[in-house]
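Pasting in a structure now, in structure tokens, and then I'll have a few things to ask.
To keep things simple, chains are lettered A, B, C, D, E and F as they appear, and every chain counts its residues starting from 1.
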Amino acid sequence: MSRPKPIEYADAAPQVRAVFDDIKLSRKVDDVNNFWKYLANDPTLLKRTWESVKDAMAEGALSPLVKELLYVAVSVTNGCEYCIASHTASARKAGMTDTMFGELMAVVGMANETNRLASGYRVAIDQAFG
Amino acid sequence: MSRPKPIEYADAAPQVRAVFDDIKLSRKVDDVNNFWKYLANDPTLLKRTWESVKDAMAEGALSPLVKELLYVAVSVTNGCEYCIASHTASARKAGMTDTMFGELMAVVGMANETNRLASGYRVAIDQAFG
Amino acid sequence: MSRPKPIEYADAAPQVRAVFDDIKLSRKVDDVNNFWKYLANDPTLLKRTWESVKDAMAEGALSPLVKELLYVAVSVTNGCEYCIASHTASARKAGMTDTMFGELMAVVGMANETNRLASGYRVAIDQAFG
Amino acid sequence: MSRPKPIEYADAAPQVRAVFDDIKLSRKVDDVNNFWKYLANDPTLLKRTWESVKDAMAEGALSPLVKELLYVAVSVTNGCEYCIASHTASARKAGMTDTMFGELMAVVGMANETNRLASGYRVAIDQAFG
Amino acid sequence: MSRPKPIEYADAAPQVRAVFDDIKLSRKVDDVNNFWKYLANDPTLLKRTWESVKDAMAEGALSPLVKELLYVAVSVTNGCEYCIASHTASARKAGMTDTMFGELMAVVGMANETNRLASGYRVAIDQAFG
Amino acid sequence: MSRPKPIEYADAAPQVRAVFDDIKLSRKVDDVNNFWKYLANDPTLLKRTWESVKDAMAEGALSPLVKELLYVAVSVTNGCEYCIASHTASARKAGMTDTMFGELMAVVGMANETNRLASGYRVAIDQAFG
């Protein structure tokens, strides 16, 4: 390859298909997102990443919606265009409303501002925060 | 000043004290965090930042707890030591348990990993994400 | 200029042409990449950057291939689209195989994840690391 | 916990000890680094992270030394203090000499500079890079 | 909305129009930039952001030109494509020449390089810097 | 070395001393900052970095003060502790007042906030910005 190319289900090796099948089943979708089709170039990485994501994003003490909001917050902070697009979509699917999206952006913007104010003013850590 | 220094209540100008008083009242604390004492070097910035933070972090479609988790997610992604320390503390106050903290870290770590995989593989944005 | 524009060899001043010639000679290419054509808007910056890059990327204790892999690792971590595209191409030219690219991505992804886990858990530096 | 605390072997649950034992065996060390002791607060995250790291850092098309150099490159780009300290130590153990470290820093510095020049000049992607 | 959409003046609610009017008046422009049209999805965020930006970017001890240069420096460091495009334009409007742009890029590139050298070499803070 | 160590003038090789002498002369200081003492571990990198910094920071279309403010803006955005400390000191030496510092922080904070809002709302680039 010169530029990595997505691998479609029809062209995929059996161990890649097994992961694709599990993604489709878990997410109740007809096809997997491009992200997984590119990772399929490295079947080991594909399998490990999917299993870790499935594990990390599952219902737990935090709901899948909250976890998707956190994913968007990280992706926006990193400026990762693909990740913002795909996880905003996932967050909507998990129940994010327009108002929630607006509040999410407000918090993420504010946190990025105050992070720099804290660094620039070289704020000493309060004793209470150990 | 050569290095910015925190301004204590006793030494603060009236318009700084007014902000400190509002922070103490809103958060039901006896003293404000160091962050605010450093910003007090610039009373206009102090006032604007506090009002924006109060606005952004208020109960809304997202709970104060979820908003604090988002704040930690951004601060960890930026590697801002003071911000991680202070907002981990705020998140605990707002109800974050040890299990929630563990899940938060797992999502933030995973999001930072997959952000780079998406960029490195130069994943094309799925049509569905428009 | 309103938006910076690339400067082609035919339109370039002599001191820019001299740098372009050296790039073409060193890299055995017929034309320089866009990156250099944009930097040509500032001939001093062009010259200094090319000389520093040539110096830093030369065969040394680390091979040119390893250095290109490092360049990709930094560019992916920063999410710099142009840099990912151009240095993935350079790395391939220097001998990077598909398998190497897969392992590179795996390490870069993992490092970005564990960097955040270390920050978020506020891990104390081991005495052995001084 | 208010601040996350490291968990020592003596105080660890059986599934944490199993991971610690595997780290010690794989790395031929008497004790694990602080990083793992903090992750032990979340045994699932600990196990998954260790297995992923072991997998990603193993001998492959790229040597363990090259992989450690990549890890340092990412950590320096992110400014993660703990990660720079621990992976500089790992890289030395894997064979990094002083000269290699110097070249590594030179490439990482240069890549971070040219990443910004490419972004700031808004360089169009060369057709050849697809 | 699935993807956030810009809100045009004709379709805007009265409190959004009031902000748009103030932007047009302050900046002496016929229409506001896309940035403001997207923020209009959240009228509170729109108002607060505009007031903060107007406040922060006003003539003060630093001139509006210097402030725009600083904005570009931050945007380039973050790799924010929209922000680089819009604030390069604002900086030109405020008086940035081609030579100034070249020097700006040179400083931003150099600062990003030396930031990593300082982190990678783990430089101890000089006593004089407190 | 296990951890990089600063190299003092008394222990430095002639080509390192030559650079140190030029720094002391140019900056009218009795001793160089720690940054240069660490880079002295790699005399080639030391020389190239000093010459590039001297070149980039010289009086030009932008004043040395403006260039130092830009350096601080980048360093704060990257969260580089050493760089914030050393370049805040340089900026003061070049004439930065307390009020200028406050305005600098306000702009840097605001730019980091609006960068994320632009990314998160996926703002389309205005036609005028090309």
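In this text, contacts are C-beta pairs under 8 Å (C-beta built on N, C-alpha and C of every residue); 3 or more make two chains touch, one makes a residue touch a chain.
Predicted, not measured: the structure shown is a model, and the values here were computed from it.
Participant: Which contact partners do chain C and chain D have in common?
Facilitator: A, B, E, F
Participant: Would you mind reporting the rotation angle for the C-alpha fit of chain A onto chain B, rounded to the nearest 5 degrees?
Facilitator: 180
Participant: Chain B-chain F contact: same residues or different, taking over half shared as same?
Facilitator: The interface is built from different residue numbers on each side, given that under half of them are used by both copies.
Participant: Taking each chain's centre as the mean of its C-alpha atoms, give the chain farthest from chain B.
Facilitator: C
Participant: Assuming a repeat means more than half of the contact pairs shared by residue number, which candidate in A-F, A-B or D-E repeats C-D?
Facilitator: Most of the contact pairs in C-D are shared with A-B.
Participant: Could you tell me which chain lies farthest from chain E when each chain's centre is the average position of its Cα atoms?
Facilitator: D
Participant: Express in whole angstrom the distance between the two chain centres, defined as the mean CA positions of chain B and chain E.
Facilitator: Here the centre of chain E sits 21 Å away from the centre of chain B.
Participant: State, to the nearest whole Å, the distance from the C-alpha centre of chain A to the C-alpha centre of chain E.
Facilitator: Averaging C-alpha atoms per chain gives centres 27 Å apart.
Participant: Which residue numbers or ranges of chain E touch two or more of the other chains?
Facilitator: Expected reply: 2-4, 41, 44-45, 49, 52, 55, 77-81, 85, 88-89, 104-106, 108-110, 112-115, 117, 119, 121-122, 129-130.
Participant: For the complex, give me every residue of chain B touching chain E.
Facilitator: Against chain E, the touching part of chain B is residues 2-3, 44, 48, 51-52, 55, 129-130.
Participant: Quick one: in the complex, what on chain C touches chain B?
Facilitator: Touch list, chain C to chain B: 72, 76-77, 79, 81, 84-85, 88, 104-105, 108-110, 112-117, 119-122.
Participant: Report the residues of chain D in contact with chain B in the complex, numbered from low to high.
Facilitator: For chain D paired with chain B, touching residues are 1-4, 41-42, 44-45, 49, 78-80.
Participant: Under the stated contact criterion, what part of chain E meets chain C in this complex?
Facilitator: 79, 85, 88-89, 92, 98, 101-102, 105-106, 109
Participant: Where on chain A does chain B make contact in their complex?
Facilitator: Residues 3-4, 6, 33-35, 38-39, 41, 45, 49, 52-53, 55-57, 60-62, 66-67, 69-71, 73-75, 77-78, 80-83, 85-89, 97, 99-100, 103-104, 106-115, 117-119, 121-126, 128-130.
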